[in-house]
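Look at the two complexes coming up: chain A is in both, with chain B in one and chain C in the other.
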Partner chain A sequence: MTAATRPTSRWPSSRRVPPSTMLGIAGLAAFAVVLEVLPRLLQLPSNVLPPLSSILSALAGELRTVAFWQAVQDTVVQWALGLSIAVAAGASVGVLIGSVPVLRRATASTIEFLRPIPSVALVPLAVLLFGTQLRSALLLIIYASFWQVLVQTMYGVVDVDPVADQTARSYGLGRWARVRYVVWPTAMPYLATGVRLAASVALILAITAELVIGSPGLGQEINAAQSGGATALAYGLILVTGIFGLVVNVGVRTLERRVLSWHVSVRGEVTQ
Partner chain B sequence: MTRILPRAAQAVALPIVLLAIWWWTSASSDSFYFPPLSQIVSTFPETWLTGGSHSRLVTDVLPSLARLLVGYTSAVVLGTAAGLLIGSSPTLRGLTEPVLEIFRAIPPPATVPLLVALAGIDNLMKVLVIVFGCVWPILLNTVAGVRAVDPMLTDTARSYRINGLSGIRYLVLRSASPQIMTGMRQGLSIAIILMVISEMFAASNGLGFTVVQFQRTFAVPEMWTGIIVLGLLGVTLSLAFQAAERRLLRWYFGLRQAHRQE
Partner chain C sequence: MLDVRGLNKIYASKDRQVEALRNLTFTVAPGELVCLVGPSGCGKTTLLKCLAGLLDPTAGDVLVEGKPVSGPPPGMAVVFQEYGRSLFPWMTVAQNVELPLRVKKMPRARRTELVTDALAAVGLADTPSAYPWQLSGGMQQRVAIARAVAYEPHVMLMDEPFAAVDAQTRADLEDLIRAIWERTGVTTLFVTHDIDEAVYLGQRVIVLSSSPTVVQEDLTIDLPDHRDQLETRALPRFTELRTHVYAEIRAAKHAVLSAAQR
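On to the complex of A and B.
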């Protein structure tokens, strides 16, 4: 499962710009041209698909407002806070359950049942309990991302090499030392995968909460722009959430490479 | 046979304990938001099942499921087809990769207000929302899977003149299927989220619409039954997916197990 989502791209060792980068830039440019020309050519009404230039100029105007930056900040805070809580809870519970076989067997069915419950099912409860407060969004974000981290951490802890574990035991390492020096390094790559999945799920749920519950943030701004007839701005704000998502994806992948630079999945590519 | 019993006991023990705790702690509950579990259970049949063809099971759950199925299937077909095309041409892959990464990074709920304005609030909008949301993980995983086809197998297939459609069917799709299934699993959970959101946002029927309606009218026990229905739906779909995956990828899981035992 994890092998499927591990980074597989190989950078050539030379310092020249790889041809795939040039192709990518060409692709982006072509896409931008299509977005600019197509609406004009087909004479699409501006409430369907405005040309890229008017989307960007609407966005540029928005960048100068305080409300926009407030919304960005609200979304970032919700996302970061929810994700951190979910990762801390998921990793610690995962190590605990994963390393005690009795606990693992006893909780397996419960986890398999609770995990696929869509966290949007909790929207009405969140609205009744917390209204549009931050806690409402946090409830949804944490519920959705907790399971991703928990399950990956458990896989990782179970994957410990029995020879390494027995070696550690015969050198007299205690329970905590084994968790620190044997279990933790084994579980790290799995945890990283869990965090990567959780980071994008957390963003989806943050936008959901803003859209459906009305917590302050980018989702609410998109809704307000759309219902106020500012379609170009709505497109611009969607682009902003896309850039945020891209920064999250690239950021998490870079962090993963740094933290796991010693691990085969990352190291192997460099020496090739 | 003797080992099946304790295993079954282990599987049901904790859920029973948790349900019992919920039942007993909520039994004398006078909190408005957390009604006794007994009350939730007793309102369940009249809320969802009674009324024959006018019951909410028929008027709300089935339309939701139909939209989910149509949207998800379209996304799977589209994503796999486009993924096969893009994955088998390095130039096309280079050209489209950054654009696809941007589309994948857009949180799908962000597009809901726009799609509502474009396609109205009927079935088309909800299907579009689902397709737009879950096509990206399927597409990108297919691309990655097609790219990772063993070159030895490609050469063998070529020297046996297995190419064209049968090449895609017996070589490319087969080799990429574990990756495609990974994408489909990610897509399915996104599809469920989007089905509910699109109905909560703008709809006149459906599961999401009904549950929010209960919440707005402060019909709290009914709202809880709705949460339970949504949860059961998520669990059932996930179990169905796992069963399908085990069947389709039997060769792959077997292969992996054989590698481990070496």
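On to the complex of A and C.
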């Protein structure tokens, strides 16, 4: 991978530097070759690291089963549901706490205490409460992603420009109108960052819950494949979760660019 | 129209008190265009925020249309110096101008009419769908002025609106303010640190002292009503007036310096 990316940094003025997508594909191809060649070269047993070709063929077989697509659907539903609840809750609580200084000071230390608790540490609690149902996975997902959204939204709300706020007040915008037209758009870029972080964290926790608690989904399938000795399939499923993560990230970034076209980080040109 | 009586503002922190405004009394009659000028750091912005209902005075009263100000008065529009921060970057030019009208729950047809007229009045009829950050500084301040005009205010407050634009743009914008004022007859209080600008624009110029601020002089500008950047500024009377105001401000500064040395 490094071999392929190096030319850009070493000869930045060179005109024939391949575009970054080409480099990306080249890097990916190199990675695939390593995955294929390394297990053969080191003669690794196929239950440790099978070559890529056997991983892919195991996965191809799996793609034709109903169980696989059911698992994908379960994971996607858990992820989407948990993320949506966390974003809705985090954004509204964030706007509320962020815009009331007394609340902000009162909750700051509690948030700083609760936030670093790893969601995985709540597994026993989740199992105790909901067993292996969907809800115990949701609890973990929501807990982990809620803080990402909350903290970012709070930063965003506090970032309101005093001149913008005074302008709004002088033109008769009441508290609610200011939240809608000034505070909310100001917090948007922060919220977008929060959502992007939360989307990845939610995926991690969805797979973790499936692996550890055994709630239905891709994680459970990985577990089943691994304990059933189908190592190639287990790796194949792991690749699927990776692709899912990639799709999520690209999706959120695209959304971000569209919603925040006015923001300094997105808008291209500035005439000044 | 605008009545300021014994206005006093003291910023108090734990162990220190700063008296920004000592005792300000002046009035602005309906339809008048008055400039407030004073040395830098004389509390012009503090005064303006008190007038706009954005800051509570320590003592004294501000009355707008006979009513004491306790929050932003409904018939008042403010144009801030920092146009870049006063316009919302997430809204287009037209949306920025329209927002206060939307919040007022004005019918859509009337809103569109007011926005179109206001943008035409400031010479931006063809850029309603641009974003403020795509425009030059002078054009951005025009948008802020259009927002004030569309609001149909009874009183317009301007806080050093042209301090951050270049000299040629500033001259154009000064004439724009005169033109809008002549057309709409809106009572205007224009705060500036620029003596020439104050004399050129105002019917009256109120000179403030250094902080703690009092009214140093209330001067009627007896220049012809039609102002022109070349002709008016070349008049001997213009030079006399600006020299007079300049001397007043210098005297105000020296009074503070000698008081400090004593």
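As a convention for this text, the second predicted complex is superposed on the first by the 249 of 272 C-alpha atoms of A that agree within 3 Å, B and C clash if a C-alpha of one lies under 4 Å from a C-alpha of the other, contacts with A are read in each partner's own complex, and residues count from 1 in each chain.
Rule of thumb we're sticking to: a residue touches a chain if its C-beta (ideal position, glycine included) is under 8 Å from a C-beta of that chain, and two chains touch if they have at least 3 such contacts.
Since the structure is predicted, the reported quantities are computational estimates derived from the model, not experimental observations.
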| item | value |
| --- | --- |
| Chain B versus chain C as contact partner of A:T208, first or second or both or neither | first |
| Which superposed partner A:A88 touches (first chain B, second chain C, both, neither) | neither |
| When both partners are placed on the shared chain, which of chain B and chain C touches more of chain A | B |
| Contacts of A:T107 with chain B and chain C, given as first, second, both or neither | first |
| First (chain B), second (chain C), both or neither touched by A:A121 | first |
| Touched partner set for A:G172, first chain B, second chain C, both or neither | second |
| First (chain B), second (chain C), both or neither touched by A:A164 | second |
| Chain B versus chain C as contact partner of A:M188, first or second or both or neither | second |
| Touching partner for A:L41 - first (chain B), second (chain C), both, neither | neither |
| Chain C-facing residues of chain A, complex | 161, 163-164, 166-167, 169-174, 177, 181-182, 185, 188, 262-264, 267, 269-272 |
| In the complex, chain B residues that touch chain A | 7, 10-15, 18, 33, 91, 93-99, 101-114, 116-118, 141, 144, 147-148, 178-179, 182, 189-190, 192-193, 196-197, 200-201, 208, 211-212, 214-215, 218, 220, 223, 226-227, 230-231, 233-235, 237-238 |
| Of all residues in chain C, those that touch chain A in their complex | 49, 52-54, 71-72, 74, 76-78, 80, 82, 85-86, 88-91, 99-100, 103-104, 131, 133-137, 147, 151 |
| Contact set on chain A toward chain B in their complex | 1, 4-5, 8, 19-20, 22-28, 30-31, 47-48, 105-110, 113, 115-125, 127-129, 200, 203-204, 206-208, 211-212, 218-219, 222-223, 226-227, 231, 234-235, 237-239, 241-246, 248-249 |
